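Before I ask anything, let me first share the structure, which is written out below as structure tokens.
The first chain written gets the first letter, and so on, giving A, B, C, D, E and F; residue counts start at 1 in each chain.
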Amino acid sequence: MSIWKYANPAQFMRTTDGLLPWLVGAAAICCTAGVVWGFLTPDDFRQGSTVKIVFLHVPAAMMAINIWVMMLIASLIWIIRRHHVSALAAKAAAPIGAVMTLIALATGAIWGQPMWGTWWEWDPRLTSFLILFLFYVGYIALWSAVEDPDSAADLTGVLCLVGSVFALLSRYAVLFWNQGLHQGASLSVQSGERMSHVYRYPLYLAMLGFFLLFLALLLIRTRTEIRRRRLAALQAREMRA
Amino acid sequence: MIDLGRYATTVLMAYGVSIALIVGLVWQTVAANARARRALEEHDRHG
Amino acid sequence: MSLLSVHDLAVARGGLRTVEGVTFALEAGQALILRGPNGLGKTTLLRAVAGLQAPVAGRIEMREDTVAYAAHADGLKPALTASENLAFWAQVFGGGGIDRALAAMDLTALAHRPAAALSAGQKRRLGLARLMVTARPIWVLDEPTVSLDTASVGRFAQMLAGHMAQGGAALIATHIDLGLPQARVLDLTPYRARPGTRATRPSGFNEAFA
Amino acid sequence: MSLLSVHDLAVARGGLRTVEGVTFALEAGQALILRGPNGLGKTTLLRAVAGLQAPVAGRIEMREDTVAYAAHADGLKPALTASENLAFWAQVFGGGGIDRALAAMDLTALAHRPAAALSAGQKRRLGLARLMVTARPIWVLDEPTVSLDTASVGRFAQMLAGHMAQGGAALIATHIDLGLPQARVLDLTPYRARPGTRATRPSGFNEAFA
Amino acid sequence: MIALLLRDLRLATRAGGGFGLGVAFFLILSALVPFGVGPDRATLAPVAPGILWVGALLACLLSLDRLFALDHEDGSLDLLATAPLPLEGTVAIKALAHWITTGLPLVLAAPLFGVLLQLPGQAMPWLVVSLAVGTPALSMLGAFGAALTVGLRRGGLLLSLLVLPLYIPTLIFGAEITRRGAEGQATATPLLFLAGITLGVLALIPWAAAAALRVNLR
Amino acid sequence: MIALLLRDLRLATRAGGGFGLGVAFFLILSALVPFGVGPDRATLAPVAPGILWVGALLACLLSLDRLFALDHEDGSLDLLATAPLPLEGTVAIKALAHWITTGLPLVLAAPLFGVLLQLPGQAMPWLVVSLAVGTPALSMLGAFGAALTVGLRRGGLLLSLLVLPLYIPTLIFGAEITRRGAEGQATATPLLFLAGITLGVLALIPWAAAAALRVNLR
């Protein structure tokens, strides 16, 4: 059985019908547990209670990037293989990504107030996220502006490709432009040394929760889109008949 | 109630904003989904 | 071989098939007039033949770069004069001979007038004169005689006859009589697409989900 | 008194008079068809009657706010549906009754389609349906039947007949036969403006220096 | 009149209509300036009021571009001119619709952009007030410029050229209010001037714009 | 191809065509910023390189708006697509024509605006060089944005929204060159990056833009 089978709308609806309740349940549990656990962690000796923000900030920031990558892949599948569900999945993912970016930006900005004494600083990490947010907004705006769905899918696909290249390019340009204040990645290679276990496990849980939340929302939104398309197609047929 | 110290507003604001955004997104998603499903069922019944 | 042959063609607009099962061939020296009520899909069919949109099903066979298309809009730049407009298209298509084209549509006196200062019919005449400088054998025309007075319709018929005498062909959608006795007429009404019939390929994005 | 009377009218376009000495009157229940070759000045004349440009000489007499004008462009918003477009004009002109207008031009089935998704003829039909919701007695129409199929031309003629039966009048420029036996025809060719003749008022800025 | 307003608002919210795009442009501009100017607070803060006002002005301007042009191209303007509405009213309504779709969101979103440009917190209310008072004048002056250029294809840049000088007084007073607010000085005088300009513009410009439209329709 | 270039240039020089309007806009912006920001040399000089680059970028952007839209409306684009030119070539030529009518005058006129904004004299050559290297990329990226939005009425602001984030790397390096020039530092690295971006854009974007155009013509 090939993975492409799931790109068939009917098959997709059937499969997700069974999958969705489990996914929603798991996402709800992991999200709540991760965030609540995070909220209950002890204060950090340097950052005080603000360290609790990390359990929202980091998962959101991670998802913000990963969702764009997922959109890129979905767009490529649409452009190369013309699987309609894939294009709709990219469309459905964009608002989730935008909200995740917004959460990362908002929590970061709120965090910055006590830590750096300012709401906003033109730090490269922050700046890259602002640019990413702009790409999300542009992508969503283009989807909603183009009336013909075939054209909209193609145009946003092209925009996603070009945008990805430029998002990367901007990242390097921004690094060149300003060296920042933001901490580096602590969970990467030698994670154990930089962050204590007290914070690590709830953070992992919150990240898993955000990921599951994304998956659940993505499936629901894709199903919404599929139903809308189906309705539009049926109505158009009747009108022409 | 746990003590958040002098950063209470900061932490609560961060949680508040994030949860509001997530709830908003979830609500919009679910509402739109319900609307689409109802519209389609409506159509199947009458059309 | 015929200049243009269309087999079992189906075209779609706005995600729905408009006409389907259309088959015809066009030999050198022939003209085919497409008729049908408003909204049937004539414009869509012509755009597909001109290569501006892909057919949903069926084949369109012709050599490359043989079609000159003239649509509702004339592709004129209001700021350029009539002859500048024509000369541009002559250069792009490598046709040349704009004087002959101007003369054929009685535009010589207006050659140095900016296109913005032409009346509706004069603009249309200029749009038709463009066909002559494309040097393409197949003319695909969408309601070419809109706004033309009787004399101009006659001139257009003459131009068309000349084109066909030189081995050209024309595919024309129109609602009114063009005064072309030699042209065949194809009424598209029987080819109206029936909703429901399932094509091998969805005719539009939304249709893939129906 | 007649609904519209025009005395010795001269109009100018691009600083040059196009037709001059035109005189006619239009009573309730009458239609007048203007004919003439391309570029003679029909559009210019109609715009002057509609009040969009001032005449160079002569008088146009009618009561205020009695004219509904329909030009080459239909004034449709592509993003609004057919019925939204119509409802807007009905509100602006205070006419009302969009359902009747939609039915008259056989647009009821298309009422909820965005205007962008209509074919050329369907758009035109919508543009003509607008006339019915203006509740104005004098219709000034510039080539109204462009792109219409035979059935729609018939529907238009019927709508026009209904309008005139209710005491309306119509002034129509066209090149083709509208199927209106009751309409008078005025050929404008004899009124073509002669360049040399000097008018009391210059027809354009540069003319004031000639 | 109401019908016209509703139609314009509805068009703005339809696909590609441009509702909120003014804000988006403003956002992008506020984000771009630091890339050009550099990220330091010390360089950014002093120029923030000026940049914000210039940004608001440009966001207005960009969206004005086709205020009448679209209606002209599709023939609606001809029909509106022969409709039983005074052309002055049409102009005023279209300017109002433009303000609602562009100026108002700008006013509401301005504090956010203030943060991006490191505008001091105490200046925020003044930024909002000055924009609220000033942007109606921007929309109306823009409508005048749009009326002047309506017949021209590619009128966009010419429009900017004509309108920008008209915007200067509004800009000066608006930015001055914000700057004084940032430095904690009294803002009453420039605010009074700004309000005066806006009232004068709203009262008189519709006539000029309608006259320009009439000429262009001829 | 040459015919197309000549036609576009000729159209630009005809009435309302927009030749030089980019420069005019740039001029007005350079004149407005001091009104908004205040006339002091101390506040103006540090932000001058950034403002000049942002201004150049906006001048480019504003004039891009209708790069393909006019040709689409009057049907020329349909005809060009059926003409024996590759659509990629058409896009490249139209971007080139845009650069000649907007970017080039900007490059030549930039020192003048530098003076208005109190840019130090030693930065002038770097301003000109950075604009000369960077503006072709701006035109080409703009052509891509214009191709994406060509079917949409009122695409202007959406175009800005799509294109501005793409302009960021060019802007950063361009302004950096000028700023370093003003401070007498080495400019080789950002110049190299800027040149790299421009070359990459010129080589690859025509394909993306042509693809977008094809979709919109369908």
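The definition used in the following text is that a contact is a pair of C-beta atoms (placed from the backbone, for glycine too) under 8 Å apart; a residue touches a chain by one contact, two chains touch by 3 or more.
Protein identities per chain, from UniProt: A = Heme exporter protein C; B = Heme exporter protein D; C, D = Heme ABC exporter ATP-binding protein CcmA; E, F = Heme exporter protein B.
Quick caveat: nothing in here was measured; it's all calculated off a predicted structure.
Colleague: If you average the Cα atoms per chain, which one ends up farthest from chain E?
Modeller: With centres defined by C-alpha atoms, farthest from chain E sits C.
Colleague: For the interfaces A-B and C-F, which has the higher count of C-beta pairs in contact?
Modeller: A-B
Colleague: Express in whole angstrom the distance between the two chain centres, defined as the mean CA positions of chain B and chain F.
Modeller: 41
Colleague: Return the distance between the CA-based centres of chain E and chain F, expressed in whole Å.
Modeller: Computed from C-alpha means, the inter-chain centre distance equals 24 Å.
Colleague: In whole angstrom, how far does the Cα centroid of chain A sit from the Cα centroid of chain E?
Modeller: Distance between chain centres: 34 Å.
Colleague: For chain A and chain C, let me know how many angstrom lie between their CA-based centres, rounded off.
Modeller: Their C-alpha centroids are separated by 48 Å.
Colleague: When you check chain E against every other chain, which residues touch at least two of them?
Modeller: 15-17, 21, 24, 28, 34-35, 38, 73, 153
Colleague: For chain C, jot down the residues that touch at least 2 other chains.
Modeller: 14, 72, 78-79 - these are the residues of chain C that touch more than one other chain.
Colleague: What are the residue numbers in chain A that touch two or more other chains?
Modeller: 131, 134, 137, 141, 145-148, 150, 177, 230, 234, 238
Colleague: Would you pull the chain C residues touching chain A in the complex into a rising list?
Modeller: 14-16, 193, 195-196, 202, 204-210
Colleague: What does chain D use to touch chain E in their complex?
Modeller: 50-54, 65, 67-69, 71-80, 84, 88-89, 91-94, 130
Colleague: What does chain D use to touch chain C in their complex?
Modeller: 14, 36-40, 43, 72, 117-122, 125, 143, 146-152, 175-176
Colleague: Can you list the chain E residues touching chain A in their complex?
Modeller: 15-16, 21, 24, 27-28, 31, 34-35, 38-39, 41, 115-116, 118
Colleague: Considering only the defined contacts, which chain A positions touch chain F in the complex?
Modeller: So the residues of chain A in touch with chain F come to 131, 134-135, 137-138, 141-142, 145-146, 148, 150-151, 154-155, 158-159, 161-163, 166-167, 169-170, 172-174, 176-177.
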